[in-house]
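Shared between the two complexes below is chain A, which pairs with chain B and chain C, respectively.
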Partner chain A sequence: MFRYILKRLVSSVLVLVIIVTASFFIMRVAPGGPFDTERSMPEEVLQNIQAKYNLDKPLWQQYLLQMKSIMLEGDFGPSMKYPNKSVNDILAEGLPVSMTLGVQSLVVALLIGLPAGLIAALKQNQWADYTAMTGAMVGISIPNFVLGPILIALFAIELPWFAAAGWNSLSAGLVPYLQTSVLPSLALGSAYAAYVARLTRGGMLEITRQDYIQTARAKGLREWLIVRRHALRGALIPVVSYLGPAFAGMLTGSIVIEQIFNIPGLGSHFVNSAFNRDYPLVLGTIVLYSGLLVVLNLVVDIAYTVLDPRVSYEDA
Partner chain B sequence: MSALTRLPHILLVAVLAVIGAACGGSAAESGGDGTLAGRASPDTTVFYKTIGEPEQLDPGFVMESEGGEVLATTFERLLNFNPEDMTLEPGVATSWTVSDDGLTYTFRLRPDAKWSDGVAITAHDFEYSWLRALAPETGSEVASLLWKIEGAEAYTKSTPENRAAAREAVAIEAANDSTFRVRLVHPVAYFDRYAAFAQLSPVPRHVIEEHGDQWSRPENMVSNGPWTVTEWATQQRIVAERNPYYWNAEAIPFDRVEYLIAQANMAQWNMFEAGQVDILNRVPQTFIPRLRREQPPAFHEGPFLATYFYMFNVDEPPVDDVRVRQALNLAVDKSKIGTFVLKGGQDPGAGPTHPLLADMGYTPPEAPAFDPQQARTLLAEAGYPGGEGFPPLKISYNTLESHKAVAEFVQQEWSKNLGINVELENMEWKVFLDANREGDFQIARRGWTPGILDPKELLDIWKGDEPVNVSGWANARFDELLEESDRTVDQEARLELLAEAERVWLEDAPGITLYYYRQHNMVQPWVDGFAENMLAAYPTRHFSIRTTAPALASQ
Partner chain C sequence: MGDAPRIPPLQSDPADEVPGPVSPSLKGPVPASDPSAPTGSPESLVKGTSLWQDAMRRLVRNKAAVTGAMVVLLMAVAALLLEPISRYVTRFTYDEMHLAVEPKPMGAQSVPQVYARLDDSVPFARVDADGNGALDAVELSAMLQQQQFRRYDANANGRLDANELPALPANAMGRPTVEQLDTDGDGALSVGELGPHLNVLPESEAQFFIRQHAETADESTLSRAEYSGLPQPETHWLGTDPLGRDMLTRLIMGARVSLMVGFIATLVSFFIGILWGATAGFLGGRIDNLMMRFVDVLYGLPFLFLVILLMVIFQDIPANQKLYLLFLALGAVGWLTVSRIVRGQVISLKENEYVEAARALGVSKTTIILRHLIPNALGPIIVYATLTVPGVMLAEAFLSFLGLGVQAPYASWGSLAADGADAFREYPWLIIWPGLALAVTLLALNFLGDGLRDALDPQARTD
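Here is the complex of A and B:
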């Protein structure tokens, strides 16, 4: 197991190096530069600025300098758009917000999705099943950029319970935090809740037809005990394998929600840094997101071994 | 990690809170009666505003409006302008004089002006600050604002070898602690307006020498305005606290100014509607007709000193032919833009200057009016009768919904009135700028906000050697007239020269002015002191929050 994790980590670093290299060069192919403005600057001034950011050096030299400072010092350098801030500062400010929002949305997805899926499976083809699955269908169909403004209109403007936009971290107190975080995590989590519900229902239906469940029933165990002790573990495997990509999707896909609710996460940097040709910030967000994806996939793979004894990486 | 494990718990609390609030009775009504009901914060010592994310807060660098807004609140220039009548008022300077030849401006500084750390401000601070903006090592766009000063442009463009001498030659001088003097290259009747520009605020030398590039971060920030920035959380808020050393501290209405940062117009709008901010300067375009109908007390609109135009690349056929350019100009009914296309009430474009200039006595030459018949004749003369055989033509614009709407309208007009089909091409901003600089376009959308009410500021961008002018159009007569106006001190004669230059522009038609911008603001009913002005600049120190009880009848 330990060797497996080590192996995966080493290959992840390789993957990251390839990603950084590719993004570095692709970015430079795009026309325009960080210091292009409507009133172009005199050549002398421009040269001074470019020298400040090493942009006057040949591209391969810039690449090596950047790689060296990323790999050895973990330093992405100063942002070109926000010269007073380092890329590390900007990422450090945005990451906790994006993570908090992601985790909370995941919790929303599970809190709604799991019970809905379980009830639907246990009451298959009864009204509860139909209600839950119709709800799930609606949840999947409504995009979050529609749900977000509806939630704002209802619960921030008509009924002023929550903030229409902005973000308070948990350190500002529980109530201010919830005022800004409940609506966006509902908007972000609901589509995932719908998937979770459908996956849970599917998993449960499959498992409850297995022989060992029939055996448990024949023993005369009570239904909830069967569900809890025997069925749930197996039924959750598809849900767990979905959670990794789902969480990654919530982190990277939160850009829309971050825009609508004006949340200071990483999503907008991910997009705007590219528009601004803020090269260091582009690299920073790419490395961070790809790093998160790699780690999340690893976590999911490890979680399999916990849930399904048949999966093992010992001999891998 | 404890926050993570507590999350399910937190959500439960949230659900309970929602239920609790639902049972708690009716929500606050909007403050239509002029009371504070509907304001998210009951604290009237704080003023709330929403802006986009500024790039930075160092006056020596800021060129975008977001940073400019914060600078206007936290720094003070030599002069301030009064938002109501646009006159200049004393700032750090108590008085200023111009020499008879119009070249030397002398500012007398107040003795009680101080930085927010208590250090006194002298003329040497201004000398240091303006030279810093000009220095080639600084690498700032702000430099070009000061090039009207003798020796300034040469210093910015100096090489390391001649730099020291170039710096010596710049005519910016602190004669003593309280006298600041500059000499201009040529008379500029409105140079005192520059002295009120946020970018030309002084910067604290003693703090810059201690902290270097990092001096304008909130933890190091020292400024000289009514408030000083103390917190900047990226994409969240910028907080400015009262500066106890401000010379006019008693006149300052708020202890704190909070800028809530929101990039999207919709997010800004939501904050306004939820009462989180006191004023909104960016109203979503599509809301304007409805707001004009339904929100007359809160909704304010008026002209804004900025132009929106298409620039031709005069080296590219078919728009290298002046008859084609004139035909294209004559074939657009610009009066429809403000009423049917953008619906913001924008005035139809005519010449390259602005109708607001009438306020300062400028009479522009008459611009050709919409005339599809004449346009067709001109196009036929150019060799394309009825649009036949017209070469491919493309309008390029940077990606934005409103630019697209305008471009589609122009496309339609040309198709209808001239029988020609043009292509539209939207580009991401930096790609667009790159294409502009490379001359890789036929027609490009541009806009200009001069910031000073003078025709010169709008005509200057069309000079042959001006970096903004990427059209390839360089007209010797036009450049000559502008230069002659620089040498002319008599205001009336000067304006006549400028009108003549505008006539040259209209004849050659290197561009089409489509419309003049309009500003749209929303002001909460509890806010006093909003006075609309053509620069759309609303200094926070002029606002106050009304806390008086509403009239009995409305209770």
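Here is the complex of A and C:
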């Protein structure tokens, strides 16, 4: 197990290196630079600025410097567009917001998806099953950027229950927080709720065909007890393994959702920094996103072993 | 379940029903006698149904999948027929603008710029209000307003009263009411009072029409000889976008781009994935190990972020080159899973007894690959392809929504939805139509993919 985790950590670092390298060079191949849009400045000033950001050095030197400061010090350097802020500061502002939105969307996905899938499996081929599965299919097929505006129109404008835009952190109180966060997390989480429901249903159907479930039935255990004690654990394995990709999807989806609901998270920074050629901020956001993803995938894989004793990473 | 009572002790999931021995004579209703009875010709005993016939039968039984296939086909046909549809059905091209203060709602009318029908029953003299022998933009515009007015003036008294107004399509300023516009206080509305509500050919567009039809050097008026009829307004069935472009025509243009990106990017990812996976699977050993490790590492990459980066960077390249970039970038996202599936297929198929049997019979390598390996590996690949297309289309829509995908004058459903997202509170149809088109197509593709999986590869069902 320990060796497995170590191995995964090594490959995670490799992934991050690839990401940083790829983004670094994609950015630099691109036409334009961070100081193009400024009014024409004197040649000396431009040179000074470029020296400040190491832009006057050869590309490979810049790359190594950047890599060293990211990997060894965790420092992304100063932003090129917001001269008074370091990239780390900007990320530290946006991350809590994006994380809260992501976690809450995950909660939405599980809160809707698990019960729906469970009911569908227990009532297989009955109307509840068909309703839940058709609903899931519809949920998968509606893009979040269509669902978001529809939710705003229905629940912020027609029925003024929630805020149409903006963000209140939890420290502002539970009600203001929920007013701004329920709709975006619904818009972001519903497609994943649909997948979770399908996976739960499939997992349950698979498990209930197993011998040990038949044995439990033969013992005369109550159905609910069988589900809770015996079936659920195994049935959740596909769901758990889906959480990694789901989280990745939510990270990307949050870019759009944050734009629609005007939420000050990381999403807008990511796209805008690429537009502005703010090289350090691009690298910062992309490393942060990838890092989150890599860590979460590792957690999911470890959760696997806890849920399913058959999975072992000893010899992996 | 309708067929449950027939065989009560069995599980009644129709997908699990194992077809009995089937003879080729079994085309019509099932004969009462046992088809495998010795009375049948010996041939009917030997000849079974192929994998594909079996799958086809299962697919056709799946109503959702068949409906999905039909919807996708319909969308594809519409996308292919964009030009004829635009010419003969909607009569608007996808990029002609009919400027109004605000987007025109469903049912509003404009005079098409390219495919306008000319009504030659209106004599030149009637349009030429000032009788100077030349038509200018003001006269044309006013004539069309009067025509519009007469269409709604049911009792032909030259006034629209409260009973006649509801027939008038609401335009950008909403549905006109008598109280609002009745400046002379006679309880009904005249042409002048309704003014802008009847304006289907603004003077700038009338000017364009005149330039189109003018043959002499004077392009600001039409002479009697140049006049061949009054252009007729056509209806925007789904309204227009903020620039006054016909929504229905643009939706069909969007179908073309969205489907094209979906299918071509999927093809790209399958091309790379099949090549990579098949090579790894065939070669095996250390090379296989290395190639798949590479795939494992790439799996951890948030590819869509790199694609976003790529699209931002290449924002300013021409629209058609951007389309190619989209194909490649989105294709590069999906190939990893394909390579895994293909490799697994190749490895498991290589070891199959029928391959060994064929080899023992002296069948050549190419024939084994063409006749045995590929048809058997194709099932899961087709299934995965069908389920990849909606994913890719969604990714394209997502990029276009961020303003990073296709650009004007092209349109995709994602970019159309993006155009509408800012103003959806006032003009909900701007996002509802493209959103609906996208959702319906994705739903159809998903149902089709699910059905194909149940038909081709029943064991692969994991959800």
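Assume the second predicted complex is superposed on the first by the 306 of 316 C-alpha atoms of A that agree within 3 Å, B and C clash if a C-alpha of one lies under 4 Å from a C-alpha of the other, contacts with A are read in each partner's own complex, and residues count from 1 in each chain.
Heads up, the rule we're going with is that contacts are C-beta pairs under 8 Å (C-beta built on N, C-alpha and C of every residue); 3 or more make two chains touch, one makes a residue touch a chain.
This structure is a prediction, so every number in the text was calculated from the model and none was measured.
Legend: residue contacts after superposition of the two complexes on their common chain; A:S23 is shown touching chain C, with no touch to chain B.
When the two complexes are overlaid on their common chain A, residue A:A248 makes contact with chain C while staying clear of chain B.
Of the two partner chains placed by the overlay, chain B and chain C both lie in contact with A:I157. Once the two complexes are laid over each other on the shared chain, residue contacts for A:S12 go to chain C alone; chain B is not touched.
In the superposition on chain A, A:S141 contacts chain C only, with no contact to chain B. When both complexes are overlaid on chain A, the residue A:F275 reaches chain B and chain C alike. Once the two complexes are laid over each other on the shared chain, residue contacts for A:N262 go to chain B alone; chain C is not touched. Shared contact residues on chain A (touching chain B in one structure, chain C in the other): 30-31, 149, 152, 157, 259-260, 275. Per the touch definition, chain C reaches chain A in the complex via residues 1, 12-13, 296-298, 300-302, 304-306, 308-310, 312-316, 390, 394, 397-398, 401-402, 404, 414, 417-418, 421, 424-425, 428, 431, 435, 438-440, 442-443, 446-447, 450, 461-463.
By the touch rule above, chain B contacts chain A in their complex via residues 3-4, 7-8, 10-11, 13-14, 17-18, 21-22, 27-28, 40, 53, 55-58, 61, 63, 136-141, 143-144, 156-159, 213-214, 216-217, 233-236, 260-264, 266-267, 270-271, 273-276, 428-435, 437, 446, 467-468.
Chain A meets chain C in the complex at residues 11-12, 14-15, 18-19, 22-23, 26-27, 29-31, 124-125, 137-138, 140-143, 145-146, 149-150, 152-153, 157, 195, 198-199, 201-202, 206, 238, 248, 251-253, 255-256, 259-260, 270-271, 274-275, 282, 286, 289-290, 293-294, 297.
Of all residues in chain A, only 30-33, 36-42, 44-46, 48-49, 52, 81-85, 90, 93-94, 100, 103-104, 107-108, 111, 149, 152, 155-161, 163-167, 170, 174-175, 177-178, 182, 259-265, 268, 272, 275-277 touch chain B in the complex they form.
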